[in-house]
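First comes the structure, then the notes that go with it.
Letters A, B and C name the chains as they come in the text, with residue numbers starting at 1 for each one.
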Amino acid sequence: MSKRIAGLVLLACAGAANAQIAGTGAGIVTSSNVTLFGVVDVAAAWGGGSIADRTRLVSGANSSSRVGFRGVEDLGAHLGAGFWLEAGVNADDGTGATSNTNNQPVSGSGSGGLTFNRRSTVSLMGDWGELRLGRDIVASWRNKDQTDPFSTNGVGTTLPHAITIAGVTAQRASNMIGYFLPQALLPGVFGEAQYYAGENQSGSDGNGWQARLGYANKTWGLAAGYGLTKYAQTATLGDTQVWNVGAHWDFGVARLTAGYFHDTVKQVAERTGTGYIVGAVAPIGAGQLKLSYSTYKVDDLGDPTARKLALGYVYNLSQRTALYATYAHIDNRGPSDAALNGALTAPGSSSNGVDLGLKHSF
Amino acid sequence: MSKRIAGLVLLACAGAANAQIAGTGAGIVTSSNVTLFGVVDVAAAWGGGSIADRTRLVSGANSSSRVGFRGVEDLGAHLGAGFWLEAGVNADDGTGATSNTNNQPVSGSGSGGLTFNRRSTVSLMGDWGELRLGRDIVASWRNKDQTDPFSTNGVGTTLPHAITIAGVTAQRASNMIGYFLPQALLPGVFGEAQYYAGENQSGSDGNGWQARLGYANKTWGLAAGYGLTKYAQTATLGDTQVWNVGAHWDFGVARLTAGYFHDTVKQVAERTGTGYIVGAVAPIGAGQLKLSYSTYKVDDLGDPTARKLALGYVYNLSQRTALYATYAHIDNRGPSDAALNGALTAPGSSSNGVDLGLKHSF
Amino acid sequence: MSKRIAGLVLLACAGAANAQIAGTGAGIVTSSNVTLFGVVDVAAAWGGGSIADRTRLVSGANSSSRVGFRGVEDLGAHLGAGFWLEAGVNADDGTGATSNTNNQPVSGSGSGGLTFNRRSTVSLMGDWGELRLGRDIVASWRNKDQTDPFSTNGVGTTLPHAITIAGVTAQRASNMIGYFLPQALLPGVFGEAQYYAGENQSGSDGNGWQARLGYANKTWGLAAGYGLTKYAQTATLGDTQVWNVGAHWDFGVARLTAGYFHDTVKQVAERTGTGYIVGAVAPIGAGQLKLSYSTYKVDDLGDPTARKLALGYVYNLSQRTALYATYAHIDNRGPSDAALNGALTAPGSSSNGVDLGLKHSF
């Protein structure tokens, strides 16, 4: 019988944790395997505001903490199959992130238990692209992620993601049928279309569709996204429409990003939120310097507007492990009271925040 | 330090997902290992009824979506140990299936978080059979599963499973001590006995026992199951008794199955439900054609009776991946209003349903 | 394409499940790997008391049932990184153990879904020790565990753990920053310090810090622990202070342990609980004989005091698998009504309990 031998010894999986947001379709799978992967990222976080400051530990301020299983199978004949089950983890307290079974505003499911809220899909892939069924990221969100130097994580998160009015399907949706264009269709062109069902009793609540089309080469890229989720019109809810464009240009010394975002909620008194971001990531030493400026304005009474400056440095100890520090400042205008890291600030006042963290992916 | 290397590359695990329902005892374990396994199965499902139709994505219409860990250890001296932790996944939205801590009608536990609801056991195995402790499938259910060409999954599910009156322990029970006969006792003979505890304050609520005994050779098999779960008698609940028989015959061109099922709930006004199934699975090309006819009748006022015809084809892209299509029709008699895939139909009206899905196991 | 091959075949992981309570800092990591590990432990448990007896299946009566993922990475330059995600499992019914997001008495999170309640951490390790962020065991608890022959599991559990008044942070805390001394600082010296945040709206509720310092060589060891968790003072809650000392001496024929434990809750009428344990573990044949005597007394009206004698034998079928039997007897004095395995006993009456179980680790 075996002695004290480590069980399930595996090779390191560098960078795999971010692979799910590449957004481009699948090529042909060339071998069959299953991968266990994840990220554990915890930071000490401070937030300051005019009413109350806050100090706490947070999870995923550089990369969302998670654990998952994924795999692909080569079916031959230019066909492949794959699955992806990825659970969000609140690594500061061990609980799981909630999912949403029916794309409704009030239906978080999981109550702190682990769910595959981040992604739960099965795929069939071929020369014609990828068919993907299950819960996944919505097409329009990818532009928010890919134009944000902070990848929508932590105190530096882009405002068009952090304070969007676009509701529960702004980032992910359940009960989805998605299609991705093949990588080889036209050099550099990528695209996807999605339909998702709310499966609610009340008509088409939570049903929706999204699409994204883009082009990228080694130096620059451009993509446009659109999404529409249906809800019966009330005083606080209605059809939610999102459109946006994102672009990046890699100058070598720095990678610049820019995005424009437009969200509309067709409730009885229609609301529109608009924002943009400009960002830069510069490789410096063993790490990256990150800088972004983003805004988000809602056409409510008084035109609440927030503007955010974020500055961060990620020091890579390896391809899997990093120390990071981020500083962000929010400038509120009108009745806007956006605050950072759990602080409270008065309408029109500012807020500051700092993350100091350690990220390890596997 | 290692570069971009895929983490935890593993071999494919064909068909493993169905191994837990074989229902026969353990042989001697010959090596020590741990296996990660699972199924991700999502289908577009349509249901039609006289009141309302429904279209949605569903999970596990061919094989229940799941993720699990299991392993065996060779202890020498004709002894082995094993464990099995298997969590049901709603792959269309990423949530977990609920478990039941005390075998009571109103105690789903998990709230959408992952639980090892499908199986959570530790085993000791020897020439004398297998001792298995934890949560597991009840003995009497195996005949429902093994006589159903659709394995109690999806729109084609056998009616004696889908609309049974046998309650919360009809398929699984917690707090169980189970014993399986050894495979080598008598050639072809298999059997098991189980005791489970409700662990409720009110007397013996949720306590029960089950047993199954059968014979199978390469051509045909026959098994009988029995179960009794205790509940204090009320107007809607009482001791729940199940007995059934199942048989199969493999003709080469097709495998025929038949089963008879008898459920009794000894509430104040005792209820009895009875049903049967005849089914066939025929290998055709790279797949299987499946056909079944099942019924279930309850002796309530008006003798509500449902009859179901189900027809399906599974196209195997590999041993792990399949596309499938199933059509089913329910014919209701009396006050029966059984409907398919979330549709609503009036008493005595019919219902139709279709599943179109993709299954991948790992 | 591969045929029926077992997926993810791994080597056995003997004893790994208990590694997280070693309590000493990290040495330098020498290779990069990820480990899947766990325990499935189920016992038939009987408890007897003057009011009501109880028979049920329980999980983890020898070693807490769990499943987890952990790994380390060699960063070079005498640095290492690591993560640890460990979920408690109620193996008798498949549900998960709850976590606690904010170190408050009433905030169990998970509702039966799996959470990484046992440990959820990311670490950076070097010659200077280990920095550990996330949810983890509190420093002062390790003396309770390491002086108990039954490792605070099952019917034999030491009373200063089983009926402590020290509340929700007596064993673990969330939102923690921990520091461990390096192993090489002084030969045999180990130590750790922790700060954790409640992150509650009401002031510093749930904030706290703990520390432990000790010495051990091959024959004997000694350690002292201290913890303080802050709560706003009410009639039933207040700052909770814990201090304790633990020691062991290995005589070869037996390993003796002793511990003294002192808990104070500074509610309006301050409460103090004190207890001690003396224990012995003797290797006999293929197993261990375990014996312990522990007490816990609270200075409430009538000085409720419980005294417990526990006797157990663990028969190791391998390094990973064991059969075990434990008998325990509680003698209550004054208004104390501590009872075993879910039994109920009257104040001042005794209680008996038995566990008969099977443990398998992987």
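In this text, contacts are C-beta pairs under 8 Å (C-beta built on N, C-alpha and C of every residue); 3 or more make two chains touch, one makes a residue touch a chain.
Remember, predicted model here, so these are calculated numbers, not experimental data.
Homomeric contact chain A/chain C: same residue numbering on both sides for under half of the interface positions. For the copy pair chain B and chain C, the superposing rotation over Cα atoms measures out at 120 degrees to the nearest 5. The mean-CA centres of chain A and chain C are about 37 angstrom from one another, to the nearest whole unit. Across the assembly, chain A contributes residues 1-2, 7-8, 10-13, 32, 34, 36, 73, 75, 96, 110-115, 318, 362 that each touch 2 or more other chains. Put simply, chain A touches chain B in their complex at residues 1-2, 7-8, 10-16, 32-37, 69, 71, 73, 75, 79, 81-83, 85, 87, 96, 98-102, 109-124, 131, 133-135, 174-177, 197, 199, 318-319, 362. Residue ranges on chain A touching chain C, taken from their complex, read 1-13, 32, 34, 36, 38, 40-44, 54-57, 67, 73-76, 89-96, 110-115, 317-318, 320-321, 323, 342, 357-360, 362.
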